[in-house]
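To start, I am sharing the structure in question, which I have written as structure tokens.
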Amino acid sequence: MLLSFLALTAIAITRMGDLFAVVMLSGIYSLLSASLFLDLDAVDVAFTEASVGAGISTLLFLATLKLVPRYEKKSRYKPALALGVVIVTGALLIYGTLDMPHFGDADAPVHQHVAPRYLNDSINEVGLPNVVTSVLASYRGYDTLGEVVVVFAAGIGVMSLLMVSQRTKARALTKVPADMQHQIILRIVAKMMLPLILIFALYVQFHGDYGPGGGFQAGVIFAAGIILYTMLFGLSLTQSVIKPVFVEMLTAFGVLLYSGVGIVCMILGGNYLDYDVLSHDPVHGQHLGILLIELGVGITVAAVMITLFFKFTWRTVKHKYNQ
Amino acid sequence: MDILLDILSWILLISGSFFTFTGAVGLFRFPDFFSRTHAASVTDTLGAGLILIGLMLQAGWGLVLAKLLLILVFSLLASTTACHAMAKAALKSGLKPLTYSDQENSAEETTSKH
Amino acid sequence: MNIIGLYNYWIVVVLMLIGFYIVIAHENLIKKLVGLTIFQTSVFFLYISMGKVAGATAPILDENYQIYSNPLPHVLILTAIVVGIATTALGLALVVRIYEAYGSIEENDIQVQDTHDRLECQLEAYGRQKPPTLFDQETN
Amino acid sequence: MTAHFPILQVIIPLFAAPLCLFLRIPRLVGVFAIFVSAAAFLISYGLLQEVITHGTISYKLGGWPAPWGIEYRIDTLNSFLLLLVSGVSTVVLLASLSSISRELPQNRHTYFYTAYLLCLTGLLGILATADAFNVFVFLEISSLSSYTIIAIGTDRRALAASYQYLIMGTIGATFILIGVGLMYMMTGTLNMYDLAERLPAVYKSKTVLSAFGFFIVGVCLKLALFPLHLWLPNAYAYAPSITTAFLAATSTKVAVYVLIRYIFSVFGIEFVDMSLPLGDIFLILGLVGIFVASISATFQLNIKRLFAYSSVAQIGYIILGLAIETQLGITATLLHLFNHALMKAALFLAIGAVFYRIGSAQLNHYAGLGKKMPLTMAAIVAGGLSLIGVPLTVGFVSKWYLVVALLDKGWWPVAVLVLLSSLIAVIYVWRVVEWVYFTPPRIITEEVKEAPLSQLIPIWMLVLANIYFGVDTRLTVGVSKLAAQSLFGVNL
Amino acid sequence: MFVIPAIILLVVMAIALARAFKGPTLYDRILAVNTFGTKTVLLIAIIDFLAGRPAFLDIAIVYALINFISVIGILRFFEFSSKTTIEEEP
């Protein structure tokens, strides 16, 4: 059922020329797919997809759409080549599915080889009930470090591509009115919700060991809260609370914290990211290590997301008020 | 006692679903944007509220109840505010509600919007 | 039985293809990125579906449950989602800059302008006069 | 400390990149980046020594044993490439200090160096890891940062090129992701060597074949094999010179490494032979690629674009060596990997030096530069000769091995074609020489001086390396042979 | 007992989706997206109970939140470009 919704949405997206509608539909698409992830027992993934796909990426797309034309041009020719490539790919994929273990089959190799150890032993080796967190942060902690670095790299990319000149900043302070001034109810409600959102983000950050969630999701939620505030009260006000330079530093700080934990492990005599050595008791060490690196993840992600949004919004300001 | 709770929550869930469903019908069938907002938001509040309260009865005391309460608060605040803001923005952008002279059968809906 | 066991994967494949088609067939830069998102999300489905065990529950240990789904694909996909959003963000930043520089976000227009630039250089190299501009060229 | 070398290699640039943001003073950041890269280079040299004397090194990240945790495994092949990548990166960075200040606004320098170090991290990470999914993650690190360092310049075409690269690269990465997923599905493991053990049991499976197909196509997109090369010329042509020099010398090479690693160490050559006529496909694509790209190169007026097309052609040679599927062929491939990196780094750096002086990469603006910038131009000529494959240069050595391998296999028509294609290289190199030495200088080149020393030194370091390794082939040939042996040894 | 509300919610979601496809004005689409979001929140809450692990309600909370924020984001889009047409291109 959900899958067919998904297919319908995807087809609708191909057909629509209004990019705005496309973006909204892709938001729906993410929501749907997150529900589906939930249905497939992937709670953490659903969590992330909801906050990232439906939240941040929709906001980023919208921020971009403000700067570019809203309608797609109709292309003149029918792309037969593209269709051909797609059909070949599809044929290869379908061919590949023929020998796959069936959906939900408990005897599939996937469930036989590596995963059982995570499920059976992680509670003794790492000591966390959320197996996803223990795999993410400990067994495959290095992948997660890589993921944080990817986010950081994207942050660097956007920072360097969408730089804000001092002139724009100065102008923004004087000329740009705060947005959505007449939506009084909205502003009040948002003000009420902001602390709730931030507290919830902290809850997700530190509860990730026991339930779904963790640094990444928490970072995104935190950023979403700040973005909400920015959208309703304007850039200048937000940036007087949170200095952009400070946020940029934070993006780097999260990565440093994460990789620093690894280096400390190395100095203490373990391998890189081997949290066992952080404390006299391995399980306790794992706890400490995971807490720290999740914090690193959260900081970097939140800071990068906020920076991204700031940069895109500054562009809008620049184009609107810099003539 | 348990049976009683079960029955109560069941009634709440079913009635909540019913209201949600009517809202959806309204969303689909009503003639213009404002009446559709009306249908969606009013039933949304009631339907969501009933369903969540029904779930709360099932949850018993604990963290789950707190979370459900949080969702309730969120959806009460967010959904209504969002609909209000949406209608306001639509009105401001020049979308006019259908009036009696435009179309007879939608008059009641349009007069009751925010 | 074969059909039911694989049905899930086939839908996923169809989704993947739709996304892939949007990426390669559409000219609009933003739409390409949306297509990319769909494409990637469908790949995520592929991973998550293979981690599902029938009758199991989410891999958060609890005394009341015995069978859990495979956590490893979840971990991989968490990483992949993050990578996806990072790529999208960078792509969007590029789109913004491209629009500023070219005044268009259609691939065709951009190529036309690029070819035009190159032709001009070519002509200049062989000592010819600057031709009357064929297109309205917006620099910066 | 030596025990931690495999990880330090990658971690040093990774840790240094965010530090750059704290330093903030552009010049300082540049010097810092040089030191970081040099440190990585020294470590990789140590690793190579270690591997040659003691054999393969395995490093368990997080202390978890292999299929559960992520493993780094360094053998001859990747330590050789680690040395190459970190070495080229260091030399290129040496030239960056002055070159960047000409091509980029001051306030972007810090970002440039940060992204550069991240890119280096990604490339080194891909080389060192023995985990299939980790490859994907580090591939994305390197790709995202290379999109950045391509687009960071002032040329607007770089933006469009970077976008195109982003789309193609992401499609490639997603294909790799599908491939890894399907492999994981059939075996339940992500570690490459564990995969190699478990794949033979499911060789017959259609899923594995499909996984292989996706993986190969994905990697080929990244390495710009002929029909999938469309992103490369623009990206290289309009990026800042330093970026071009670095990426041309390293990023496609790393993708080739991934290809080799998967074909030989993960899937195994028997599977490849059994399931797909991959050798023939590579042979045809390689040859067509060489010719089409070389001929395109002769028509280019932008010198960076010219050599970018030549890069596509060189990738054709590299793939050709792979297509032979013998030990000699692999040796030739590895040699050409190494040598091509040296040539292209030297060439693009020299072009960067010219850009530093005249602000253009148009061939017609090079008119008469032979007298104005003799040393730089001599470097370009030396690089060009090496591309053609003139004796006493590295290009000769690798082409020689390639031809020998082809003859050994009995494919003499192909060998003839390879030699013919070198003639096309003569044509495009000659075009450059013609503009540089035999065309009267134009007005704008009147006041041009020789490139600054800070750029000449790295350029000539690379040129001398070109000549040195062309004469004294013990190190490169020896290591390549060892690596090729070990690749085939795995499957014996 | 949770199955019936779940099914009804799915139907409601389908209807909202249909509205989102149909338009005709952009505000209709926004409204449909919003309704769709709120229904998803409920659906997830119910699925949690259906699966017997109500500890995952966090996700529903995130949904509620994200839904709110994205609707605001969409509205703000029109604030900025106040002159954009509400009607779609023919």
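Going in written order, the chains are labelled A, B, C, D and E, and every chain counts its residues from 1.
Following the convention adopted for this analysis, contacts are C-beta pairs under 8 Å (C-beta built on N, C-alpha and C of every residue); 3 or more make two chains touch, one makes a residue touch a chain.
Given the structure is predicted, the values throughout are model-derived calculations rather than measurements.
J.: Suppose you hop from chain A to any chain it touches, then on again the same way; how many hops at least until you reach chain D?
T.: So the least number of steps between the two chains is 1.
J.: Using the touch definition up top, find the fewest steps from chain A to chain B.
T.: Minimum step count, chain A to chain B: 1.
J.: Count the touching C-beta pairs: is C-D or B-E ahead?
T.: Taking the two pairs in turn, the one with more contacts turns out to be B-E.
J.: Taking each chain's centre as the mean of its Cα atoms, which chain lies farthest from chain C?
T.: Chain centre farthest from chain C's centre: B.
J.: From the mean C-alpha coordinate of chain C to that of chain E, what's the distance rounded to whole Å?
T.: Their C-alpha centroids are separated by 24 Å.
J.: Need the CA-centroid distance for the pair chain D / chain E, whole Å please.
T.: Distance between chain centres: 47 Å.
J.: Could you tell me the distance, in whole angstrom, between the mean C-alpha positions of chain A and chain C?
T.: For chain A versus chain C, the centre distance works out to 16 Å.
J.: On a C-alpha centroid basis, what's the spacing between chain B and chain C, in Å?
T.: Centre separation, chain B to chain C: 36 Å.
J.: At which residue positions does chain C touch at least two other chains?
T.: Touching at least two other chains: 20, 24, 50, 57-58, 60, 62, 72-73, 76, 79, 83, 86-87, 90, 94-95, 97.
J.: Which residue numbers or ranges of chain E touch two or more of the other chains?
T.: 30, 55-56, 58, 61, 65, 67-68, 72, 75, 79
J.: Multi-chain contacts in chain A: which residues touch at least two other chains?
T.: Where chain A meets two or more other chains at a single residue, that happens at 43, 65, 93, 97-98, 100-101, 108, 110-111, 114-115, 118, 140, 143, 146-147, 150, 153-154, 157, 161, 183, 186, 193, 200, 211-212.
J.: For this entry, which pairs of chains touch?
T.: A-B, A-C, A-D, A-E, B-E, C-D, C-E
J.: Of all residues in chain B, which touch chain A in the complex?
T.: Residue positions touching the partner: 70, 73-74, 77-78, 81, 84-85, 88-89, 92.
J.: Within their complex, state which residues of chain C touch chain E.
T.: Result: residues 57-58, 60, 62 of chain C touch chain E.
J.: Within their complex, state which residues of chain E touch chain C.
T.: Its residues touching chain C are 51-53, 55-56.
J.: Residue numbers of chain E touching chain B in their complex, please.
T.: Contacts found on chain E: 1-2, 4-5, 8-9, 11-12, 15-16, 18-19, 25, 27-28, 30-32, 34-35, 38-39, 41-42, 45-46, 49, 54-55, 57-58, 60-61, 64-65, 67-68, 71-72, 75, 78-79, 82, 86.
J.: Quick one: in the complex, what on chain D touches chain C?
T.: Residues 133, 136-137, 140, 144, 147-148, 151, 156-157, 159-160, 162-163, 166-167, 170-171, 173-174, 177-178, 181, 184-185, 190, 234, 301-302, 362-364 of chain D touch chain C in their complex.
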